[in-house]
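One chain, subunit A, appears in both complexes that follow, with subunit B as partner in the first and subunit C in the second.
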Partner chain A sequence: MKNLSGFTALLKKELTIYFAGPIFYITGFFFLVLAGYFFYTNLLYYGLISLQAAQQASNPQVAAQMNPQMLVYRPLYQVLAIILIFLVPLLTMRLLAEEKRSGTWELLFTYPLTDWSIILGKFGAVLLVYLVFLAFTLSFSVAFSFMTQVDWGAMAAGYLGMVLLGASCLALGLFASSLTENQIIAGVVGFALLLLLWIIGWVQELASGPVGKTMQFLSLLDHYENFTKGVINTRDLVYSVSFTFFFLFLTKRQLESRRWRA
Partner chain B sequence: MEMMIEVQDLSKFYGPLLAVNHLGFQVAAGEIVGFLGPNGAGKTTTLKMLAGFLAPTSGTARINGFDCVSHSLEVRRSLGYLPENVSIYPDLTVSQFLRFAARAKGVEAKEETGECQRVMAACGLGEVEGKLVAALSKGYRQRLGLAQALLNRPPVLILDEPTIGLDPSQIVEIRSLIKNLEGSHTVMLSSHILPEVSQLCHRVIIINRGQIVASDTPENLSRQMGHGSRISLTVKGPEAQVTAALQALPGVGRVASFGEGRYLVEGGNGKDLRPELARLLVQQGFDLLELKSQEFSLEDVFLNLVTEEES
Partner chain C sequence: MNWLDQLKNRKVIYGTGSIVSVLLVVGILIILALLANWHQWRWDVTQGQTQSLSSLTKNLLKQVDKPLTMTAFIPEGAGERGSIKDVLQRYTYANPKISFLLVDPEREPLKAKEAGYRFPGSVLLDYHGRHQMADKVDEDTITNALRRIMKTSQKKIYFLTGHGERDLANAEKGGLQTAKRALENEGYEIDSLNLVTQAQVPQDAAVLIVASPQKAVLTSEVDALKAYLDRGGRILMLLEPFEDAGLKGLLAGYGITLDEGIILDVNQISQSLRISPVMPIALSYGPTRITRDFKNTLTMFPMSRPLTLNREVKGVNLLPLVNSMPSSYEKLGKEWLKAGKGDFDAKVDKKGPFSIGALAEIKLEAAKPEKAPGPAVKKPEEENKTYLAVYGDMDFADNTYFNLFGNGDLFLNTVNFLAAEEQQIMVREARQAQFLMLSGNQIWIMFIVCLVWAPLVLLVAGIWAYRTRRARK
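Moving on to the complex of A and B:
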C-alpha cells in the first residue's frame, strides 16, 4: 500500500508538471493536426478510388482491398507510428534528465520511494499523456461511422497496436532520459535508438539467413505491421510487453547505479 | 542512551579526491548537533551520505539503527532532509508540492491536508500557499525546503545550512523553530554561522579536510581553547604604572593595553584572577571602573583549530 501511494503521488506530480508546461499542448496540437490531415487525405483517396472501382467492371483483386480498414486506417496507423518517433523523445526527454539538472532529484531520491515507484510513476504519467492524444483521434472514427460502416473490431486491434507501440517507445525514451542530465542529449539518444530499432528490419533484404531474420524480429516496425491489418498475434504482444519491460528494467538499473557508483 | 546517528570510519572519494576521511561520530536521540567546517571540508558530502543520496566509498553510517546503504528505504522513512541550496519543482505551487511530498513520504491520504497545513504554519508559508515555486523568493524557498523536511514528523532531521539566504528576522524564526524540535527530534545541521551553532546546538563537530578536528559542547570548546581566562579591565590611572602593576601579579600571562584605560589580561593557569586583580588595583590606589571575564567565542575556536590544522 505504501508503495502504491508513492506511485500515485509521483503520477500526479508528473501529470501536473505536464499540464503546467507547454510541451504537452504543443506536441498534442501538432500530433492531432497531423493525424487529422492524414485521416482526411486517406479518406479522400479512398473516396476517389472507390468511385473508379465502381465505374470499372468489378475486379475481385481490387475489391478485396476496397475497405476502410486497408485504405484509410492502415495508412493512418503507419503514418502515426512515424510521427511517434519524433513525438516520444519530446515527451520523455524531460522525465529524469531535468530532475538531475535542476537538482530536484536530491529530494526525490531521499524520499522513501522505491525505484520502481519512481519509474512506474513517471512512465505511467507519460503513457497517460499519450493515451489522451490517442483518445482524441477516436473522434475521427466516430464522425466516419456516420458515413459508412466501420469495422470496430479491426480498429480496436489497430489502436491496441498503437498503445503497445507507444508504450515501447516511451519506455525507451525514459531510459534515454535516465542516462544524462541534458534534455537535448536525452532527446537525441531516444530519437536515434528509436530510428535504429525502426529500420533495423530493412537489413533483412540485404542479409539473408539467421542474421537478417533476427534483425527483423527486433524491429519495432515489423511487429507493428500485423496490428495495422487488424491482426492480433501473441508473438507481437509478447514482443511489445517485453520490449517495454526491458527498457524500464534498464532504467531501474541505471537509477540503482547511483547508489553503488562511488 | 539510544543512538540515532552512528557513523563509523566513513570515507568518500570523488575520483582521486578524498572528500571525507574515516569520519566517526555518534548522535544521541533528541540531540541537536552542529556540523562546522570551512568550505570543502566534507560537510555536505557527509550529510548526503547520511541521507542515502550518495554511497560511501568505505565505512558505515546508520540512522535509527538502519544502515544507510543496505536499508536505504527504512533510513529514508525516518529522515527529514534539507539539501544545501534546495531545489524544488518550479512548475508546482507550494501546496501542490507539499501534497506530493507528504504522499511520497508516506502520509496517509486522510491526514495529508492537515499535515501540509501544520508544516506550512510552522514555517510561515500560509501566504504563499497558492504561488508557484518558481515565483518564490530565496527565503520562502528555503522555508519550503524546511517544511518538506518536517512532513510526517521524522525522528531524524538532517539540515544542510538551514538558514542560508534568509533575512535576519527569518533567521530568528527558523532558529526558534529548530530549537522547538529539541527533545522530540534528533537534528544534525551544518552551518557557517558560528553564533547560530553555539546558540542552537548541544554539541559541535568541527571537521576540516574530511576529518574531525574537535567534537564537544560549545562551552567546553571555548574553555579548552582559552587554556585559562581572559579578563578585560577599564582602569583610571597612568598606563605604564597600571601595566607594570598588572604584570607583577602572579598568574598573569600577558597584558595588553588598548588605550583610554582599557586593558586585556590573559591568565596562564586557568585560575580565576578576578578577585586578586580587583584587590590589587584598589590597594595600589587606581580607580577600577570595569572588570569583566571574556569567554573565547566559537569563532576563535574554529579559526584556531582550522588554522592549526593547516600550519
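Moving on to the complex of A and C:
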C-alpha cells in the first residue's frame, strides 16, 4: 500500500512537471503535426491512386493493396515509429539525469520509496504522456471513419504495436537517463541505443543462420512489423514486454549501484 | 592491500552481485524468448483476414502430412524479399510441417541451377521427393503448385470440339482462356475431344464440357454422349439461346427443356449497377452441393435462356442450380431483338423466375458387365448415379465475365463437383478493392482534423501553461 501511494505521488509529481514545462507541448505539437501530415498525405495519395486503379480492380494483386489499412495506416505506423526514435530521448532524458544534476537525487532516496516505485512512477508518467499524444491521433481515424470503412480490428493491432513499441523505447530512454547527470548525454545515448536496436535486424541479410536469426529477433522493427499488418503474435508480445522489463530492471540495478559505488 | 582484501571490498562484492543478477534475468528472458519462438499463437485481426491464407489454401494444407520445403530464389537485398517472406511465412504458420528458405541465386548458383532456377522470385516446392516450381510468390501461384505436387494423378477434362465451340486458347472477348487457366490451376489437365474422329469419350475423362456448339452435333456423337453418361460419365453443357446443336432430344430425355427465348431483367440492383436488361443477375441458388456456399453471392448471365425442368422423368432427380430474379421475364423468338423492344409485354412474355442452370442426378441402370472394367465388386451408392449439369448460358464463364461477381466460382464449383473434387467446392474469397473517393469538403475536413485541431490544442495549452507559470513567478 505504501509502495502504491509512493508510486502515485511520484507519478503525479512527474506529470505536473511535464504539463508545466515546455517539453510536453513542444514535442507533442511536432509529433501531432508530423502524424497529421503523414495521415493526410497518405489519404490524398490513396484517393489519387483509387482513381487510377479503378480500372484494374479485377486484378487480385491490386485489389489486395487497395484498402485504408495498406495505404493509410501501415505507412503511418512505419513513419510514426521513426518519429518515436527521435521523440523518446527528448521525453526521457530529463527523468533521472535532472535529479542527479540538481541534487534532488539524494533527496528522492531519503523518501520512504522503494526503487521500483521510483522507476515505475517515472516510467508511468512518461508512458502516459506518450499515450496522450497517441490518443490525439485517434481523432484522425474517427473523422476518417465517416468517409470510408475503417478496419478497426487491424487499427487496434496497430495501436497496440505503437503502445508496446513506445513502452519499450521509453524504458530504454529511462535507463539511458539513469546513466548520467547530463541530460544531453542521456538523450544521445538513448537515441543511439534505439537506433542500434532498430536497425540490428538488417544484419540478418548479411549473416545467415542462428546469428542472423538472433539479430532479427532482437530488432525492434521486426516485431513491430506484424502489428502494423494487423497481426498479433505472442512472440512479439513476449518480446515487447521482456524488452520493457529488461530495461526497467537495468535501471533498477543502476539506481541500486549508488549504494555501493560511492 | 593484497588481492584477498580487494575481493572483500564492498564495491567488488556488490558489483559482482549486480552483474550476476543481470545475467540471471538475461538468461530467463532468453528462455522466455525461445519458448515464445517455439510456441507461437498468431491472430489476424484484420477485416477479411487479409494477412492469412484463404480457406481454400488452408483446406489444402491440412493434407500436407510430410515435410514440405519451399525454396524461394531471390537475390539478397532485393526489394521483394520482405513480401516474399511474408507470403511464405503464412504457410509455415498454417502447417508446422512446412518450412521455407530464401536462396540467393548469385551466391549459391549451383544449388539454384540444380533446382531448375530460371528467374528471381520463383519458388521450388519439395514434397516427398517430388518437385514443383511456382513462377512467382503469391498465394494463388504457390497454392496451385502445391496442389499439383500433392496430386498423384491429374484428372482430365475434355472440351467437345468440331461444332464451332468457344475457343479455349482465345484470350479475347468471348474466349475461354480464363476458364481454362482457372481449371488448370485447380489441378486439372485440359484437352479437346472430337467425337467424329474418336468413337467414344475416352475412359480417362473426369468431366466432358460442351461449350456452346454453333453447329448441330451428329447423331452418332449424341449417342456417344449418351453412352458416356450411361457408363457413369459426367457432362457439363453450356448452351446459348437459340443454339441447341441437336442436343435438345438428349436433354429432354433427362427432363430438361431448353426454352427458345432470352431472359431479360430490370430491377433495382441491375439499375444501380447500370447493367443492361439482357444481362440478368441471379441471387437465388438451388439446394445443391455446388451452390451450398452461395449466400448473397451475385452471378450474372448475359444473353441466357431459361430451362424448364420436368421432374417426372423416372430415375432422374432434377435440381435447379441457379434461378433468375422474380422481376425477370422471357422474350420469345428473335423478332423483338430486331425491333429493339425489350420492355415487358404481359401478353406474350413469360414472367420469371426461371432456372438458368440445372443439375440432373441420373440413376444408372444396373451396372452392365461388359462396360464395367475390372471385377464386378459391389459398388457404393455414389457410383450408381451420375450427373449432368446444364446452363442456359455460356457467356457467364467466358473471358469477359468469368471474374465478375461469383461467376467463376459457380463454373469451377460445377466442374469440381462433377469431377468429384469435393474439397475444391467453395466460394473463393476474392479480396475486394476498397476505393476512396473524397469530396472537396471531406478533404477540407480531414485537413483540419489532421493538421489543425490536434496541434492547435497542444499549442494553446502550451501557451496557457507558460503564462500561468510566468504569472506565478
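Quick note on the criterion: the second predicted complex is superposed on the first by the 259 of 262 C-alpha atoms of A that agree within 3 Å, B and C clash if a C-alpha of one lies under 4 Å from a C-alpha of the other, contacts with A are read in each partner's own complex, and residues count from 1 in each chain.
The working rule: contacts are C-beta pairs under 8 Å (C-beta built on N, C-alpha and C of every residue); 3 or more make two chains touch, one makes a residue touch a chain.
None of these values were measured; they are calculated from a predicted model.
Q: On subunit A, do subunit B and subunit C fit together or clash when superposed?
A: With subunit A aligned, subunit B clears subunit C, so fit.
Q: On the A-aligned overlay, A:20 touches which partner chain: subunit B = first, subunit C = second, or both, or neither?
A: It touches subunit B and subunit C both.
Q: Quick check on the superposed pair: does A:28 touch subunit B, subunit C, both, or neither? Answer first, second, both or neither.
A: second
Q: Looking at subunit A, which partner touches more of its residues: subunit C or subunit B?
A: Answer, by number of touched residues of subunit A: C.
Q: Given the touch rule stated above, what does A:106 touch, subunit B (first), subunit C (second), both, or neither?
A: In the superposition, A:106 contacts subunit B only.
Q: Which angle, as a multiple of 10 degrees, do subunit B and subunit C span at the CA centre of subunit A?
A: Result: 160 degrees at the vertex subunit A.
Q: For A:8, is the partner it touches subunit B (first), subunit C (second), both, or none of the two (neither)?
A: In the superposition, A:8 touches subunit B alone.
Q: Using the touch definition from the top, say if A:259 reaches subunit B (first), subunit C (second), both or neither.
A: Touch partners of A:259: subunit B and subunit C.
Q: Between subunit B and subunit C, what minimal C-alpha to C-alpha distance in angstrom results from the superposition?
A: Minimum over all C-alpha pairs of subunit B and subunit C: 6 Å.
Q: Looking at subunit A, which of its residues have contacts with both subunit B and subunit C?
A: 20-21, 259-261
Q: Can you name the residues of subunit A that touch subunit C in the complex?
A: 19-22, 24-26, 28-29, 32-33, 35-37, 39-40, 43-44, 46-47, 50-51, 53-54, 57-58, 60-64, 66-69, 71, 136-137, 139-140, 143-144, 147-149, 151, 153-154, 156-157, 205-206, 217, 229-235, 237-239, 242, 245-246, 249-250, 253, 256-257, 259-261
Q: For the complex, give me every residue of subunit B touching subunit A.
A: 12-13, 48, 51-53, 55-57, 69, 72-73, 76-77, 79, 81, 83, 85-92, 96, 100-101, 103-106, 109, 148
Q: Report the residues of subunit A in contact with subunit B in the complex, numbered from low to high.
A: Checking each residue of subunit A against subunit B gives 2, 5-6, 8-10, 12-13, 16-17, 20-21, 102-104, 106-114, 258-262.
Q: Show which residues of subunit C lie in contact with subunit A when the two form their complex.
A: Within the complex, subunit C touches subunit A at residues 10-11, 13-15, 18, 21-22, 25-26, 29, 32-33, 35-37, 39-47, 50-51, 76-77, 81, 86, 138, 140, 403-404, 430-438, 442-443, 445-447, 449-451, 453-455, 457-459, 461-462, 465-466, 469.
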